[in-house]
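First chain A sits with chain B, and in the next complex the same chain sits with chain C.
Now for the complex of A and B:
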């Protein structure tokens, strides 16, 4: 449960293994290539489909476009809606990450270092949030947000999203803080530092890895989220991109080439960031699972 | 759906008394408690705990969400839920998704994990490719597969035509649609389970396997007798995530089928959405939420108690 163990490094080079026979090796690669094809073909044909005409798509969904319709993509890229939706997603995710990091780190610090009556129960109270999905209470949540006057605002999405992220984040932070050497605490105590200075000058600077992990988990969760914005936002101008895809699909229902171009453009940032920061992202997304 | 499923780590071990005693030495603990705890506590109570409690209360009313709930109907909403065939479909589908995860997805993930941890060229590239669907949003994955399955422009239609067959409309066929959805679920999530198994495999002490080598064990024997038993906790974790993922499945279903045709692909959450939210039946929808909550909590506790007590 503590973070003193080495981080899960699922992305690093394989270490085990003996040299394999030629035949085994061939079967191995054949199997891996087939699975890789099943994963990649839908993605690649989606991206290529965005360059086609509808007629081309009908008989030639797999091949290269007969004429490259770059305008499918450029039309979307010069349109306001694409950038607006990306911006909305970024804003909502940014605010969610900020809120989760701040509130969870503070609360976790108390749970890790301050002894007071009922602290264990209070921690368990937060962990209730890990047991059910946000969807279970979606209708009362809608009514609450409406009554607070936050319906159709960014904060109306950010606040519940952050709230549902707190349980896991507090747990991750608290375990990490607890894993820090006690000597640090003693030294600070001898120096006469209070809790606040200890938090700000010692705990936080040493917590970069866990801040990154919690940040990645919250960001990805928010960037991809659909059900909360679906229920809590009304105006299209505030829609994040997963809602935008659904609207776009509703508008251009049979113009698949345009829908494919739109999907490709909306998932491109995710794919780029994934390949650039794969090690951190894989470690971050599996950390929540294993700890 | 938030992609990050909750961890099964629900209990927190008590601190060692030594640490506690020392730590309580620092002066002025009340200011930090009063400043650091309430913001998180307030947010969490307001948007997680209270709505759940309100769901339990609203579930006894017939209410459209406006004014105050005043039409008390007792347990009627719950009766209505269990009388709906769409709800039974949803319940069965959620169960089947869990079964499919255990019988197809987890063996596949484990098999791939053993391969990409071998000393071969390109192992890292394969891992990245297999993990890629997991980082995509469910909505995007659902939409991509809506295209793949499309009976006129999609990949399936093209393949059927290549073989001179009539192109099928799988997502519109109530006998087939659910299996098509299952395929997308496996495609989207096997990479995540594979990563869990890779982490599990890397934690296995190599000397155990070398000892088996010396004893002349074959690859299969080593896998069945050494590796698999040592991966027990990872398998249990993987099953846990399959269960949790199934119970909150929503985002991917909406672009694919929206729960149709004829409610054949409903899950508990899509059922809640179609019959509670869309019709603004706050009482009925809340009752569905309560049922979902009870299922989640029961499964989480019993699974943890029965299977994961040693992990």
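Now for the complex of A and C:
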């Protein structure tokens, strides 16, 4: 009993980039740079615009600020309104993410592991939801939410958002669960676990990448969602930031520098969240693609 | 600990029958190997014993109790899988403790049992490692440790060594044998490797197409194979087969080429048979005319050399001592002794000779 082979390092697999020719790589990087620019230019312009004076912004939209007006940002950061809207957005997104993760993971687990009559049809039924953005169903949705007495409540926004997110999330979770070795299931069953304990003790701890992926997708979706809160919320005190910006713009319609600063501050959280979770997200999206 | 009994077990997937009427009794503490070619239903039998697969017909009992409808947990079996199926996110300790944790055993008892198993398998220094930080052989031992901690009535192994390289496989094979000597748990071991089955088991069950061909001690299977399948499956290199007819009490393969043997019952003149001779049962010296043919291939392995000779127009493998210098393209004369010549019914494959 003395075998001591080195630990196996899954991360040391060669990347495909090494096999590309220099020419191909040049084109590849050029394309990537263009895409990056398309994404970055508006972001950077917005963030820098927030530091300018209005006159500066008018005459010099894309350059660096002549004087750095940090007060544009600090004024917003000390305002109650900003934090209220941030709080609303966070609360709505948090509840949405929680609902989507819990429900989608459990449903996907059943679709992945339990054969029952009509399971395929039921899955297809969930997936039909993928084809309709929430906006298409806005009128019946409004009526239903009103009948439930949930108009102008956080839950009134959270529930439909979670429902529309379920289709894609179930699909992602199911594919990931399917990719897990079946012998793990057998081993756990022999160890005395049932479906529930297998889900809790084995499946979930091994699903961090897909949990992060689905979590981020629903978080960002909720964070940026505009139409649903617009229709379903009335009180300004419950507005998430996309609605808040509209109000803000109404009040400061000429002070574009302030609006840009406000926007920058509201999208920062999603960017932070994304960078924190990015390693997991990429693993989650590609899992199940290669068996 | 307990014995295990399969009574008339069958299994079909839809209309496809995979296992047909298996009867097998494993006595308390016995080590039985199920061996057969890939796809013959070995894993299916093991999974039915474990309770991971429903049985279509028959009864399985463990310790005298019918367990057909019990869950794996209630059957108190432990299973070692081919891929080990270790939980990747748990360290070695928790992998072994998981079953006891689920059973709600007190912490102190869990710790005592995990450490006892770890000591027996020399896993103590690895208890904090994750499976990905272990070598193949170490993972294999953790899988056994996980089975061991629960003190099962029956140990089930499904090709546990086939993911290891040849050298490690031999080493782990003897570790499994020692472990069984120490703990003496009733064990069923599935493999497609007849050498593994022969070296490990008290009793070997040869399976083909979902039917038990023969069950017996390794030497019984080697010396008295019930039929051509077992004769060809057990032993390496495999037995040589010749088509022959009974002429004057001997089996004649070609004019002037015949094998003397000891018939087990009356045979009719002209009956078509299959003659089998193991490579190691050809001798260089002997009585009678012998069989002569040209050598086509010589494969030295050290202690033994495998020589392919054309006998009666058929390539025949012969094992000779490594010290015997045999050269290709020369003629070799070989002798057999009657009790080492196997004669089988050509149609049914059943053995007709007394060996």
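By our rule, the second predicted complex is superposed on the first by the 198 of 291 C-alpha atoms of A that agree within 3 Å, B and C clash if a C-alpha of one lies under 4 Å from a C-alpha of the other, contacts with A are read in each partner's own complex, and residues count from 1 in each chain.
To be clear about the criterion, a residue touches a chain if its C-beta (ideal position, glycine included) is under 8 Å from a C-beta of that chain, and two chains touch if they have at least 3 such contacts.
Remember, it's a predicted structure, so these values are computed and weren't measured experimentally.
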Let me test your reading of the model: by the given contact rule, A:189 touches which partner, first (chain B), second (chain C), both or neither? both
Kindly classify A:72 by the partners it touches after superposition: chain B alone (first), chain C alone (second), both, or neither? neither
Going by the contact rule set out at the top, does A:270 touch chain B (first), chain C (second), both, or neither? first
Can you tell me whether chain B or chain C touches more residues on chain A? B
Please indicate which partner A:202 is in contact with in the superposed arrangement: first for chain B, second for chain C, both, or neither. second
Which of the two partners, first being chain B and second being chain C, lies in contact with A:88: first, second, both, or neither? neither
For A:127, select first, second, both or neither according to whether it touches chain B, chain C, the two together, or no partner. first
Would you mind listing the overlap between the chain B footprint and the chain C footprint on chain A? 1, 8, 10, 186, 188-189
Sites on chain A touched by chain B in the complex: 1, 8-11, 13-20, 25, 28-29, 31-32, 35-36, 38-43, 45-46, 49, 54, 57-62, 99, 102-104, 106-107, 109-110, 113-116, 120, 122-144, 159-168, 170-171, 174, 178, 182, 185-186, 188-189, 194-196, 198-199, 217, 220-221, 223-227, 231, 242, 245-246, 249, 256, 259-260, 263, 266-267, 270-271, 274-275, 278, 281-282, 285-286, 288-291
Show me the residue ranges of chain B that touch chain A in the complex, using the header's touch definition. 1-7, 9-15, 19-20, 22-29, 31-33, 35-37, 39-41, 43-44, 46-52, 54-55, 58, 65, 112, 115-120, 122-124, 126-140, 143-145, 147-148, 150, 152-155, 157-158, 161, 187, 191-192, 195-196, 198-199, 201-202, 206, 209, 237, 241, 247-248, 250-251, 254-255, 269, 272-273, 276-277, 282, 285-286, 289-290, 292-293, 296-297, 300
Where on chain C does chain A make contact in their complex? 47, 50, 52, 71-73, 77-79, 81-83, 85-89, 98-99, 102-103, 121-122, 132-138, 141, 146, 168, 171, 175
In the complex, the residues of chain A that touch chain C are 1, 3-8, 10, 181, 183-184, 186-193, 197, 201-202, 205-206
